[in-house]
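Can you keep this structure in mind? I'll have questions shortly.
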Amino acid sequence: MVNAATARSPFTALTPDVLARASRVRLVLTDCDGVLTDGGVFYSAYGEEMIRFDRRDGMGVERLRALAGIETGIVTRERSEVAARRSEKLGIRELHLGTLDKAAALEDIARRRDLSPSQVAFLGDDANDLAALARAGFAGCPADAFEPVRDACHYVCHAPGGHGAFREFAEIVLHAVLRESPRP
Amino acid sequence: MVNAATARSPFTALTPDVLARASRVRLVLTDCDGVLTDGGVFYSAYGEEMIRFDRRDGMGVERLRALAGIETGIVTRERSEVAARRSEKLGIRELHLGTLDKAAALEDIARRRDLSPSQVAFLGDDANDLAALARAGFAGCPADAFEPVRDACHYVCHAPGGHGAFREFAEIVLHAVLRESPRP
Amino acid sequence: MVNAATARSPFTALTPDVLARASRVRLVLTDCDGVLTDGGVFYSAYGEEMIRFDRRDGMGVERLRALAGIETGIVTRERSEVAARRSEKLGIRELHLGTLDKAAALEDIARRRDLSPSQVAFLGDDANDLAALARAGFAGCPADAFEPVRDACHYVCHAPGGHGAFREFAEIVLHAVLRESPRP
Amino acid sequence: MVNAATARSPFTALTPDVLARASRVRLVLTDCDGVLTDGGVFYSAYGEEMIRFDRRDGMGVERLRALAGIETGIVTRERSEVAARRSEKLGIRELHLGTLDKAAALEDIARRRDLSPSQVAFLGDDANDLAALARAGFAGCPADAFEPVRDACHYVCHAPGGHGAFREFAEIVLHAVLRESPRP
């Protein structure tokens, strides 16, 4: 069913450049707030309490891993225990909290995993993601990202943050990787 | 008022195939996340904390039971205490948590209730619902389901998950069942 | 500013019948879930935990009271401590929880307050509001109400439940009442 | 990247009056509910529990401070511990809870900071913000503000409250201030 799915219409509009970039991806890194979420943070009288993630994005993490052996990592400026819990649930091992220089983090992670930055995809939505997006082989953002971010990305998702952006990006990577080297 | 309601415009666009399938339904099974919810999961520093359900879907569960004697069941991969609480509130007795093979679950539930799979409706939204949807007599999904799921369903709701999809599906079943055998 | 506001465009589209009905209103009764909320109920592993209300609806309750001396009441089937807290915050004294027969409740409340049902407005969104809506002098519903409810109302709000419906309805009542007997 | 961003298309539609007003701003004051939020308040059985803020608005507070030395303040009628926690997180020092007369608060804050009201921007969304908006040198509101508020503002954001309105307003101020006196 996956092959049928990945051969379908949403992918016919992808440019050769996007397909080529996506097909080289071996690791997907993503910002948390504004990408895995819609930017919302729920405060109580005790401070930040909750964040809304999306189960469908979680399925994207799983599908990248199960169908193409591609891991996902979270790189965020926030020192967020909430992001840590979400990360554990999805079996994400590249979790980088309190990251001020995301471009350096991207390069460190790539080096440690014997990847070139061109093999790393990055999803971000705001000003502090710009440098990392410029380093990544495949740069994407949600539909509702900060305008300079949208201008800096190879692919702007149709879906906004927290409502399908990560999943859309993951399915494009899956599609591009699997058509290059289909699994038996 | 119900008869007036069920005879109205939203139903005139239903195909004869959809009406025939819906009229045979004696049990409605549904995925939880992405169908009864919009896919959102609220995390705190302690992990998954809350899920948003919709009171109008609850009214759909009640109306299926009260007006047509049709029960509803939840079949989900998550081992979710949250889904269990929602289930209790609605008096749902078919609650299947941690279900990896939803198609097998559908067949087991049908057999135990002396129903054929053609008498079971299934609502799902993502890749792991595809097999169960293929088994169900009447397969439906929210408007924002994963594209291969939308392609595999007899009926794609106008409403997205968590915002009316279950209720819309339930009202179609009610309409089709009651026009076959109206209650006095 | 209020007079300027209430004389403006949103109100020019109101029919004479709606204006006449609204001008007689001395009490506004409203369902809770689906009207003051978007129908959402947030569950945790301990059951129903939270409901989202809207501050702008609260301002509608205050403006009805301050500018026209019109009180608001909540009539809901749920035995909801959450609705009780919201009610206290807004100074609402007519709070009717666990109400199965909302039409009878409307009549009781009206009688106790020496009002005729034609002086009572009711806002509802689902099947169990139909009888009360039929009794009310001015019946309204959110844009996303159950279709038979939309058909049964004198006024269907442009705003959906939980996102401005109550406030829109309250401003219409205010407009109609104040143009009949403007305050000095 | 900031200059590139601030020189871009969203700003070309700004009128000379809006640009002139925005360029004089040295302090941004904002209402909380309906501006930094979508108006939603989450109640539990214990009363008001949580409010949803947006990380992207927080980035707006930071960018105003870091790129133009402009501080932000919150002025709200609610005595909200929740707003206080959000304020602390963003390093906001002008926090005015329980403020019934927002216009007087605006004037007090301006006087204390040796600013004229024409150097103060105010963002509000509802009836109780009207007087403060009339005093501010640059008055703005979210797209979904109360209609009389929209009529009273120099700038109506394209974004609704809680979903980008504050950030949009902040970027306009930044753009206007930085083009007057670009930082090296």
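A, B, C and D are the chain letters, set down in written order, and residue numbers restart from 1 in every chain.
To be clear about the criterion, a contact is a pair of C-beta atoms (placed from the backbone, for glycine too) under 8 Å apart; a residue touches a chain by one contact, two chains touch by 3 or more.
Since this is a predicted model, take the numbers as computed values, not measurements.
*Asks:* If we define chain centres by averaging CA atoms, which chain lands farthest from chain D? Would you check?
*Replies:* B
*Asks:* Go ahead and note the Å separation of the Cα centroids belonging to chain A and chain B.
*Replies:* From the centre of chain A to the centre of chain B is 31 Å.
*Asks:* Round to the nearest whole Å and give the separation of the Cα centres of chain B and chain D.
*Replies:* Once rounded, the distance between the two centres reads 44 Å.
*Asks:* Could you list which residues of chain B touch at least two other chains?
*Replies:* As it turns out, chain B has residues touching two or more other chains at 42, 49-50.
*Asks:* Sort the chain contact graph into one of these: line, ring, star, complete or other.
*Replies:* Here the contact pattern is a ring, one closed loop where every chain has two partners.
*Asks:* Under the touch definition given earlier, write down the residues of chain D that touch chain A in their complex.
*Replies:* It is residues 1-2, 4-5, 8, 10, 42, 49-56, 59, 63, 81-82, 85-86, 88-89, 162-164 of chain D that touch chain A.
*Asks:* Residue numbers of chain C touching chain B in their complex, please.
*Replies:* 33-34, 37-50, 125-128, 130, 144, 146-148, 151-152
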